[in-house]
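You will see two complexes here that share subunit A, one where it goes with subunit B and one where it goes with subunit C.
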Partner chain A sequence: MTPLLELQDLGVTYRTAGGEVEAVRGVDLALEPGETVGIAGESGSGKSTVVASVLRLLPKSAKVTGRVLLDGEDVGAMRWGRLRAARWSEASVVFQGAMHALNPVRRVGKQIAEPLRLHTGASAAEAEARVHELLAQVDLSAAKAKAYPHELSGGQKQRVMIAMALACAPQLVIADEPTTALDVIVQAQVLDLLGRLVEERGIGLVFITHDLSVLAATCSRIAVMYQGLIVETGNAKEVITAPRHEHTKALAAAFPEVGDPVSRYAPATAEPLPEEGERDPQSPVLLSARELRVHFRDRAGSAVAAVGGVDLDVRRDEIVALVGQSGSGKTTLARTLLGLQKPTAGGVYYDGGPVPTSASGLRDYRRRVQLVLQDPNSALNPRHTVYESVAEGPRIHGLDADEPGTVVAALEAAELRPAEQYLTRLPHELSGGQRQRVVIAGALALNPSVLVADEPVASLDASVRGEILGLLLRLRRQLGLAGLVITHDLGLAWNIADRVAVMYRGELVEVGPVEQVLLEPRHDYTRALLAAMPSPEPDDVWPAG
Partner chain B sequence: MSAPVWARRRAAAVQAWREFRTNTGGLLGAAFIALLVVFSLLAPLLIDQDGLNVVTATGSPLEPPSGAYWLGTDESGRSVLLLTLWGARVSLLVGFAATLLSVVVGTLVGVVSAHFGGWISAVLMRITDFFLVLPALVLAAVLMAVLPKSMWTVIMAIGVTSWPTTARLVRAQTLSVESRPYIERSKALGGGHTHIIGKHVLPSVLPLVFANTTLVVGGSIIAESTLAFLGMSGPEISWGSMLDRANQSGAVTAGAWWYLLPPGVAIVLVVLSFTLVGRALETVLNPRLKGDR
Partner chain C sequence: MTTSPTEQHAADPDERRSGTSTVRYVAGKVGGALVSLVFVVALGFFLFRMIPGDPLVTMTRERPTGPEQLAHLRERLGLDQPVWQQFLDYVGGLVQGDFGTSYMHRRPVAEMIAERVAPTLLLVGTATVLAVLLGLWLGVRAAWRRGGMFDRTQTGIALALWSMPQFWLGLLLLIATQGVFPSRGMTSVDPPDGFALQALDVGWHLTLPCLTLLLVIYAQYMLVMRSSLLEEMGADYLRTARAKGLRDDLVRRRHAVPNALLPTMTLIFLQFGMVVSGTVTVEAVFSWPGLGLLTYESLRGPDLPVLQGVFVILAGSVIVMNLVADLLYRVVDPRVRAS
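And now, the complex of A and B:
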């Protein structure tokens, strides 16, 4: 039987101004119908290039060697017309970033119908019927065909993308990071849907992601890519439970299993963590919210409670993880705690007193409570050097005593060593992890007592993730720095946090020590979050939706 | 500390110049403008100003071009060549001064309105809209009629009517810069309005303003010529006032093309140069206008 997709010694080289870059080197891979193969790897490992080469979607600057066989036919040798026919009707792609892959000014029904009209020449009525059928397959009501992309949630948009990929009934579907931008509960739904489609229709699925735990839950075989090479391939369960290659080990460790004592207070970091010192269980409360409410007005003018009555304490020498789905009000709560958003009612207290509202009072307060943003790529001014970015805080506060010394010390504390080497660099010359360290150094330069981190590792690669989490934990142990870490990732809380606060629709539904909340959840929503985490248990490959 | 910053700025300027150089039109325009500016500054040393005085002029009225007067003479017997060269001074001065006024006001209004938002933005933008819909020439004419007739009134009139486009442009760019997360980070660090505007907003807005400025200069020179042609100018010799006098002294019916063409061609060349330079700068400084890379 011919495999559905076969890559034979595939190599892709990009010509760039800086010379030739080998993105993919000697990749061999085969996929049978009804099988799911996962490709794991970090950004830059070449996994998206592999996808693009299957449908010959690579830019002109790419040179392809080796062969891509689609149902036994060489894609590289296809004439243009044949290739067009093969695209979408034989193999289709669920692109990453459903937010941007849909045309914002066209109704989604029309967008799903587009490949139908192009490939099958279906009439408008036939196409419409087929669109409704496809929407039903991805659990969306037919009425959604009339919606514009912005009227759908992230998960719904992702399902529209899947419906689009299925439009011409292809034998092969390639899903490129289909769940990366989604939160856990929606991710579980999308994974479940893809699994059902493979089972019911016998299509072949290539699943690409950086998150090994997602692959564990969906794939029978996994190939791990690193620097353009497949470094490890094999049965999904074996690869995850007994990784052989160093890089696979790093990827596997980056997504800890909640409840695994090995990864408790032990993020995957190369540097040793300092010993836990003497901790005072009743250390003073630094930052607290009392009955905090924040309301926004929606377009109709009615009030929407983003934060509805939250009580939260952050003590000295403690990391609190604030977990919840996107849209649960986590970020609004953080912004309000920092004084970037005015509360509608209730108050924020620092060190016993209310947070001032005057401009100068707020400025002093912000020396004490600092923010680390989600995306380090945009959190630094691209025109400012590392030195300027880190020195920005001290300059605002007029702390001009030994500015270079402060900056170097902050960079050292954020583990950018030797600090001198980084001072004159610009953000685009740094990697994602290094940029996040610069952001953290900028906060540390003010010698704060609380660090509020909004999804500090969500946009970082798996191997960097452990390092940044390790840094946060080290900072707490060495400096007693309190942390409020906002995340959708329960594994992160298990890795570094002391207490967890679970937020759901603007309210804290469960607050308590990590072990208690994550191992013996009391609230239904916490249970739902835990259940939605992809589980590597082999018997439970497709959790019942 | 500031050494690497300056080194980087210098490198950026060198890079911008390298890209600018590849644009032939922009380069030609820049060369022409540079030549004209240098000449205008040195003109009082090079030109015998007696030749510009009606009383001391030596030629006879409306002489056609000859060896003595390369571009002929005007109705008072002055050399048209000298008048045209001298007129560049006023045209350039009015162009630059009016542009400076309009860019300063426009940038201020644009940045303030985008940064503070709310009612401040609403008020400022309504004022901007008001000036945007006013027929610029009519407003300038009214100002000229009310205020004393001088070059500075012309500058005022042009400046007041041309700032709204700059304000709109700057506002849009400021809004886009202010939505970036590094502004939020700066606020969380404790940065106030001056800090955010001075450190983050202006450095990324000014290059665009600069490119826009060169385009505004061309527009201002045209506006000055138009006003002068309509008889609204100070007593100084400018290209517009030359055209006005040529028109009034019957040069057209006399067929004295040498009196009409030089100032007209001069206006076209200067405005064309500024437009070429402005477009070239825009492509260099505004990454969005660059082609596929």
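And now, the complex of A and C:
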């Protein structure tokens, strides 16, 4: 049997101003029909270049060596007409980031129908019927065909992308990070859907992600890419349970299994964590919400409770993880705690007193309670040096005593050492992890007592994730800094948090110590969240043929 | 998992925005435009009071006039009143559609402007439509093959024309065409009979002023379209379109251009108002009987009521076009409609 896809000694080199960059080197890979192969790797590992090379979508500056065989046919040797005919009808791609991969000004139904009309010559009516069929396959109603991408949630856009990939019933589907940025419950649905398609249709699926636990749950074989090379390949379960290469080990450690005592209070970080000092279980409550309610008006004008009566305490020297899927109201709650959103009822208290409402009072309060955003790329001004970014907070708050000293100390505290080396750098000269450290340093420069972090590692690479979580834990242990970490990632809570608050439809359905909530969940929703986490149990692996 | 994400996201409070209804949006934009208009009226009035030159001196230049007659004239024109009183009278008149009376022609300004609007609209409208079509086409072609021969030469030519003074380019064209096209006016002294022939006559007169305007203004449409398309060139959805197997020109036409057109459209409308105000030179060079020529003639007075009237009309057209752009943008971009 000819493999559906075969990569033979594939190499891709980009010509850049700074010389030639080898993005992919000597990659060999084969995929049979009905098989799922996972490629694991971080940004820069070359995995997206591999995707692009299969349909010859690489930019002109790329030089390809080796061969890509699609159903036995050399893609590199195809003429343009043949290549266009093969694109999407023989192999399609679920691109990373459905948000940007869909045209924002075209209705999604039109976008799904486009390859149908092009490759199968379907009439408008036939295409429309098929679009509805495809939408049904991904659990979306036919009415969604009329929607524009921005009218859909992240998970819905991702499913539109999958429906589009299946439009011409290709034999090969390449899914590039199809679940990244989705919360666990939606992720479970997308994974389930892809698994069903492989099983029912016998298509071949190449699954690309940096999250090994997802691959463990979906793939029969895994190839781990690092710096353009496949460093390890083999049976999925073996690769994950007994990784041989250093990088695979790092990837495997980045996503801890909830309940594994080895990873409790131990994010995957290279720097040693300080010993846990004496902890006072009754340390004073710093930040608290009492009967907090935030109502919004929807388009029809009726009130919707984004936050419906929440009581929450964050103590000194404690990290609280606020978990819940997107839409649960956790971001609104955080915004209200920071004084960025006015509560409809109830109140926010800091250090025993209500949070002031006057402009100067609020400013002072925000100095004590600092926010760290999800995406360091957009949180930093691309034209400000590290020094300016960190010094901005102290300047705004008029803390002019020894500004350079404050900045250096904040950078040191955020573990950018030696700090002097980073002062004049611009964000684009830093790695994703370093950028997030600069954001954290900006918060630390104000000497806050509470850090509110909204998905602090969601947009970072797996290997950096452990380092940033380690930093948060160290800050807590060394400075007694309180943390409220908003996340949909239960593994994160297991790694660093002391207590978990589970939010569902605007209410906290379960609050308690991490071990209690995650190991003996009492609320159905907490159980659902835990069940949706991909697990590498053998019976979850899809049949390989 | 049994939770249906469709329903959950339908009631998604985190992503909820306070829904501004279309009516409120339109009312807000119209209100903003009205406020701008009020400022323009005030600015216009006081600005023209600062122009050096006494209108009475110009008006009485040919005839010897005694101080009594001058005082009488001053009183008749309302120039003896304090400035704030003149302003109030002026605004009061404007509200009733009265732009005042021309010092030089003793005719209502509204009437004078009305007969000049159509020629200007004809000239500016034709030039703008042609410039937009030419500019967008060149811009798309230049961006799609960025850095290529076409891009470099066309960008260079467009910039060179954009930087030329209108009167100079107009005179050059006059010389270059050697009298093939008429050099002044909108119609022949002895216009032909029949609508078709008259239209042809006007078109013949229109050629040079229109060409001058077109050559000077198309560059901005081209350059904005070019940079706007260049910004879309790296977009992920274009890669998706290519992966689907679309031909290159379909990728461009169906996916890239509609997105790149959005920012360009605002400019087209905004510029339309600006182009109207910018016709003073072209109309003066070719004696085109429009608002620009009227302005040029009135500056010699200075015929303050006419200047103020034209100023209000021109500035008003910029504001109105900006309003149209805002409203149209909402229709064209689905994302703006939602927020």
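What we mean here is this: the second predicted complex is superposed on the first by the 537 of 545 C-alpha atoms of A that agree within 3 Å, B and C clash if a C-alpha of one lies under 4 Å from a C-alpha of the other, contacts with A are read in each partner's own complex, and residues count from 1 in each chain.
Methods note: a contact is a pair of C-beta atoms (placed from the backbone, for glycine too) under 8 Å apart; a residue touches a chain by one contact, two chains touch by 3 or more.
All values derive from a computational prediction rather than experimental measurement.
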{"item": "Fit-or-clash call for subunit B and subunit C when the two complexes are aligned on subunit A", "value": "clash"}
{"item": "First, second, both or neither for A:W88, with subunit B first and subunit C second", "value": "second"}
{"item": "More subunit A residues in contact - subunit B or subunit C", "value": "C"}
{"item": "First, second, both or neither for A:Q189, with subunit B first and subunit C second", "value": "second"}
{"item": "First, second, both or neither for A:A23, with subunit B first and subunit C second", "value": "neither"}
{"item": "Touching partner for A:V485 - first (subunit B), second (subunit C), both, neither", "value": "neither"}
{"item": "First (subunit B), second (subunit C), both or neither touched by A:E403", "value": "first"}
{"item": "A:V198 touches, of subunit B and subunit C: first, second, both or neither?", "value": "neither"}
{"item": "Where subunit C runs into subunit B (options 45-53, 99-107 or 243-251)", "value": "45-53"}
{"item": "Complex contact set, residues of subunit A against subunit B", "value": "338, 340, 359, 362-364, 366-367, 370-371, 373-375, 378-381, 383, 385, 387-388, 391-393, 396-397, 403-404, 423-424, 426, 439, 442-443, 446"}
{"item": "Subunit A-touching residues of subunit C, taken from the complex the two chains share", "value": "1, 3-6, 8-9, 11-16, 18-19, 235-237, 239-247, 254-255, 258-259, 262, 332-335, 338"}
{"item": "Footprint of subunit A on subunit B - complex, ascending", "value": "1, 4-5, 8, 180-182, 184-192, 195, 199-200, 203-204"}
{"item": "Residues of subunit A touching subunit C in the complex", "value": "52, 55, 57, 83-89, 92-93, 95, 97, 100-106, 114-115, 118-119, 139-141, 148, 150-153, 155-156, 164, 185-186, 188-189, 192, 296-299, 304-307, 325-332, 506, 528, 531-532"}
